[in-house]
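Each chain carries a letter (A, B, C and D) given by its place in the written order, and its residues are counted from 1.
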Amino acid sequence: MSGFLEANLPYILAGISVGGQYALIAIGYTMVYGILRLINFAHGDVFMVAGLVMVYTSASMPMVLAIPVVILATVILGFAIERVAYMPLRSAPRMSVMISAIGVSYLLQNCALYFTGGLPKVYPEIPLLSNSVTIFGATTKVVTLITPVITLVLVIALVTFINKTKLGMAMRAVSKDFETSQLMGIRINNVISATFMIGCFLAAIGSLLYFSNYTSVIPTSGGMPGLKAFVAAVFGGIGSIPGAVIGAFVIGICENIIKGMGLTTFSDAFTFVLLIVILLVKPTGIFGEKATDKV
Amino acid sequence: MSRPVVLSLENITMQFGGVVAINNLSMEIPEGNITALIGPNGAGKTTAFNCITGVYQPTNGIVRFMDKVIVASHPTGKDLKNYKGWNADAYAGMKIIDPTPDQITRLGIARTFQNIRLWKSMTVFENVLTAKHMRAKQNVFSATFRANAKEEKRMRDETMALLEEQGLDRFRDELATSLPYGLQRRLEIARALATDPKLLLLDEPAAGMNPQETLELSEFIKQIRDKYGLTILLIEHHMDLVMGIADYIYVIDFGSEIAQGLPAEIQSNRKVIDAYLGVSEDE
Amino acid sequence: MKKVLAIVLTVAMVLALTACGGGTGKASGGDVVKIGVYEPQSGDNGAGGKQEILGMQYANSVQPTVKIGGKEYKVELVYADNESSNDKAVSAASQLIGAGCSVILGSYGSGVSIAASDTFLEAGIPAIGVTCTNPQVTEGNSHYFRICFLDPFQGTVMANFAKATFGAKTAYCLGQLGNDYDQGLINYFKQAAEALGMKVTTEAFPEGNSDFTSYLTNAKNAGADVIFAPCSTSYAQLIIEQSATQGVSIPLLAGDTWDSNVILNAAAGKNLDIEVSTFYQEGANADFESSFKAWINGDSTNLANNGGNDTLAAVSVMGYDAYFTALAAMEKAGSIAAADIMKALPDTTYTGITGEIKFDATGDAERDSAVIKKVNTKDAAWEFVAVQGVN
Amino acid sequence: MLTEKKDKTGLFIGAVCLAVLYVFLILLDNVIPQNSFTLLLVPVLKKGAIYSLVCVSMNLLNGFTGLFSLGQAGFMMLGGYAYAIFSIPKDQHAAVYQYFDGGLIQFSIPEALSNVLGESAGAIIGSIICIMIAGIVAAAFAALIGIPVLRLKSDYLAIATLGFAEILRAIFQWSGLGPITNGSNLLRKYTSLSAIKIGSLKLATFFPFFIAGISIALIVLLINSSYGRAFKAIRDDEIAAEAMGINLFRHKMLSFVISSFFAGVGGALLAMFQTTIQATPFKSAMTYELLLIVVIGGIGSISGSCIGAFLFIACNEWWLRFLDNGSFMGMSVPFFRDGFRKVVFSVIIMVIVLFFSKGIMGDREISFAGLARRIRGSKPSGGKEAPAK
């Protein structure tokens, strides 16, 4: 048994930790989609920018200061992106907004390329998170173990926030019916900005955890995690926060089990197979609400 | 009632989650008749249309068109457990037939929509022409390579003729959505006629029209019925229109039939008056 | 607002156009000879490409002119970024041809070199590969030469080394899916290793992958004695980092891509055994190195391009030698015309920092040994291990 | 019935413009001396023509049928590979498939035809046959993929097609399929654009324009046919389209398959242009790029897609390259270093997306008939060339 654990625990651990990081990004996707019906393609790149900001800030200030600065900068970035790139297109067709999102993603990646000169940047070690620990004979970083805990705490906090506060209620109202909420006097733009800021806050935390584990930041670092997180959000039923979290863990764990089975070539492909199967069986994801068109 | 029945609904029940939108509705529509389906807002009229045209699969019941079963359903699985409507076992042995709307249209049932659904990027002419696509005798290759120019010309000529007849030819190159409201309704009817239907379903054709327009519409509906040998089922709120042109009327409220009969009978029916005026129970 | 924007955009476009027209128009002529630097400056191989360019730039600063046929020419380096991507190869190559280059140097990464090869061929411009090790770069191409060793050689060297030094019975190979360099080198390593009686497991990771823990666990579970992972440095950094935190102490072997500061930085202070095969060992030529380092340290951009410190990468030294090989070919040709240089190249010889460069019939440099070095994790420096041949 | 008739003058002007363009391209390849300008112009023209075709095919799907599909790069890859696999000469197999014992497919269509018809005819006809195969392979895969994914709606369709493209890419890179796809390695030495010539008359630039021209013409014919109208009906209002007897699944499938066919043809041309092909570049970023071009050109505008493609390629690979080189007209500028080009480029894209969200053409078309009328001094009336909104 101990031999089996020692051989296979790393896969599960990696899966859980990756799943937790995907979950934090996926929440950003799912919340924005819930309100604006927009796949925010730039979200993965915001996550990457958070990583880069950390690289640069940690070089010039102590870690206790750097972490809040990174989180703040990411939240401001999210706010700015929403105001500049999405708000002017509020009444435009959905395709235009999505293109704008792709454009922002393109811009962020290219800016990152310009500033880093295309060289991979080494993510700083965050004390405590980056230390190694051994459990059941499997060695891993502290961050691997902490990630799911932090994820769950944040998700619970978020769900409470959405259910108990006035702003949270406004978010739910807007996601149910955009126009009516506007008529009811909800300040739509504030709600949307808040959604983006929460999404980016979580992405910043996700980036701290993710890059502590995988310590290299390149301009395309956000691409794959972003895409996987989005798949997780769709998998769980886009618009649903618990769905996104469960989807993220399922995808993270499955991906690593697939790698462990020696099917490494198809580990990414498998994620998409899983997605397509789910979409065909339950087109709106596991927790998605069935939408019917009014005729 | 010697005329053959074109469309018949048998015990149609439609349940959304826990809400029974239509409960055990049966109707018979004889050939050449103008039949009206009336009822207060939210009574389930449009839902009935959607069950006939394949947009929704009814939870229970069958629809016959020209003596052929075109829709058949009965509750199964989870739906059966939550089923609140009429007799769940009535059609239990029957094979479920759940056609798509285009299959229904192909059979010869065309419809219009309560909230006008014209193709907004197309002109008036194109809107009608596109509806002819279903019956066009060409495949994608012959269409692309213009191999069957005669067919294309036939479609265009017929479309033009239809537009002239409806008095829409003046607007042929206008965008459909730029027309005044009343004309958009007419265009929707013209578009439905372009599919060569035997049965026409009109969903509140007079909605938003003034009395003059409504009067013209009544004439128009009778006219097309005679010209194309149509059978017509219409949903309407305008009592003037309904009483003026309907041969027979069904009244539903909260998904169930509360009355049926000739216009004169309906006009004096106590239940109908109560349903429309919202009389409370104790009165 | 929109109109103003439209006008501004149009003006910008026109300016851009004229700038290109102007810039390239007055290109040739004068006493300038142009050498095209066809290298990735972004993408997966951006870091390596930049270091290779550093070597050429340094060489250019050492000798900015060349005397051909009694006439002094100023040597100008023209750069085109192929973005480590084959689909940008043709236009980057055309840019160099358009600029009137007499000879092309590069590229880091064999795929992009192969992708641009036909474009250079059609233009009749010779190209000198610096560190592209795939046999297909020069095979069947009369215009493509190279000054480094080849993958079949390198793969065999590493297999021999794994057997001789670690007594390896099982090897685990890990490369990037879709990367011809990784897969090619692994293929030759596998052939040689199996011939030596080793058991070889190969796996591939998808592009953009950052979680290598599962792969490392696979290696461990396969009972591997060595891990051969000749991938690009972006991934190498992650592999090193994660094998340290996972406590996987299996020796990591790799090819020339890993000879980079990135690896040193990543491995610093970690308990790992990392050994790579490469073209040049730092410390072999002290004079050259100290002046090269001084040059790097003298400019912050250079320092950044070298990965933040002044450790010399072998690719930089190769870049330096490539530059001088190109000059030697021009001198031999007695002309700056591309066609003449191409004719002269097969017979060109040059004794560079990395040894004697002499081309064989296919246009490859005759190299019979590779340097193997290992990371001193304590000092974050390279340590010489051996010069290894095939036999 | 006036507008029903084709405006003869318009058609004539269009034909003349096209003929002039084609003659110019042939001259460009053969007569006009190469200089630094043409050397940069030619690849941009070739790639622009190829991207035009791919973008028009994407527009057919996204712009005219309203299906939000992000699988275009995957279908291009299929086409490119199919083309390359069937046109690598026999004696090159050992070299190309060096790790896979010379590969599985041991014949080359252009080569076989060359033996019968002579070299240039064989190369031209053979490559056209291979391009057709490329299209058919892409279309066949689209038909298979379409069965499940076309039942999905909007964003779900987008993410599923994106997923399929990624799956295809992984499969093509898998070494298990190496004897056919060469695994992670390049395919090369197949019939490239430079082999397309009649005697000494080079057609390397003409050829992609020719194939793309025919393909785009076919797409335009399709869009203006009864089926094209049905596609637009689906885009405008699916429910109404279905109620008017248009079979949604069948028509969506048709559009998907046809679009993929032409994406495959585009992929084959791209393979010819690049002279090598590898699965790596055909990732989602490429599809995003295509989508950007479609939007910049104008969703629902064929001529917009073409203009967008040429502008995009020219900016990306030519006009803005000076931004990377550290100097502008001889002056050195502090911010100009590698990567700056892409920053400027993406800012331009954002400006277009935000301030010109209808794109260059909106949903209008360049109309030679309208042009003719304008020359004659009368105003354009109604029809396609006037602003639609």
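Following the convention adopted for this analysis, a contact is a pair of C-beta atoms (placed from the backbone, for glycine too) under 8 Å apart; a residue touches a chain by one contact, two chains touch by 3 or more.
Remember, it's a predicted structure, so these values are computed and weren't measured experimentally.
Asks: Going by the average position of its CA atoms, which chain sits the greatest distance from chain C?
Replies: Max centre-to-centre separation from chain C belongs to B.
Asks: Between which chains do we find the greatest number of C-beta pairs in contact?
Replies: Greatest count of contact pairs is found between chains C-D.
Asks: By CA centroids, point me to the most central chain in this structure.
Replies: Smallest centre-to-centre distance to the global C-alpha mean: chain D.
Asks: Please report how many Å separate the Cα centroid of chain B from that of chain C, as a whole number.
Replies: 72
Asks: Centroid of chain C to centroid of chain D, CA atoms only: how many Å?
Replies: Whole-Å distance between the two chain centres: 33.
Asks: Per the centroid of Cα atoms for each chain, what is the distance between chain B and chain D, given in Å?
Replies: 44
Asks: Hunt down the residues of chain D that sit against at least two other chains at once, touch-wise.
Replies: 170, 173-175, 239, 337-339
Asks: Using the touch definition from the top, which residues of chain B touch two or more other chains?
Replies: 55, 113
Asks: Using the touch definition from the top, which residues of chain A touch two or more other chains?
Replies: Counting only residues that touch two or more other chains, chain A contributes 113, 117-118, 223, 265, 268-269, 295.
Asks: Give every residue of chain C touching chain A within the complex, in rising order.
Replies: Against chain A, chain C makes touches at 41-43, 46-47, 50, 177, 203-211, 213-218, 220-221, 233-234, 237-238, 241-242, 244-247, 262, 265-266, 304-305, 307.
Asks: How about chain A: which of its residues touch chain C in the complex?
Replies: 7, 10-11, 13-14, 18, 113, 117-120, 122, 132, 134, 138-141, 210, 213-216, 218-221, 223-225, 256, 259-260, 262, 264-265, 267-269
Asks: In the complex, go through chain D and note every residue touching chain C.
Replies: Going through chain D, the ones touching chain C are 36-37, 39-40, 42-44, 47, 92, 95-96, 98-99, 169-170, 173-175, 183-186, 188-189, 192, 194, 270, 273-281, 283, 286, 315, 317-322, 324-325, 328-330, 337-339, 348, 351, 355-356.
Asks: Within the complex, which stretch of chain D touches chain A?
Replies: On the chain D side, the touching residues are 62, 68, 148-149, 151-156, 158-160, 162-164, 166-167, 170-171, 173-175, 239, 284-285, 288, 291-292, 295, 299, 337-340, 342-343, 345-347, 349-350, 353-354, 357.
Asks: Show which residues of chain C lie in contact with chain D when the two form their complex.
Replies: Within the complex, chain C touches chain D at residues 1-2, 5-6, 9, 12-13, 16-17, 19-25, 27-28, 41-42, 79-81, 85-91, 94-95, 97-100, 111, 114-115, 117-119, 122-123, 135-136, 139-140, 175-180, 182-184, 187, 202, 204, 206-207, 301.
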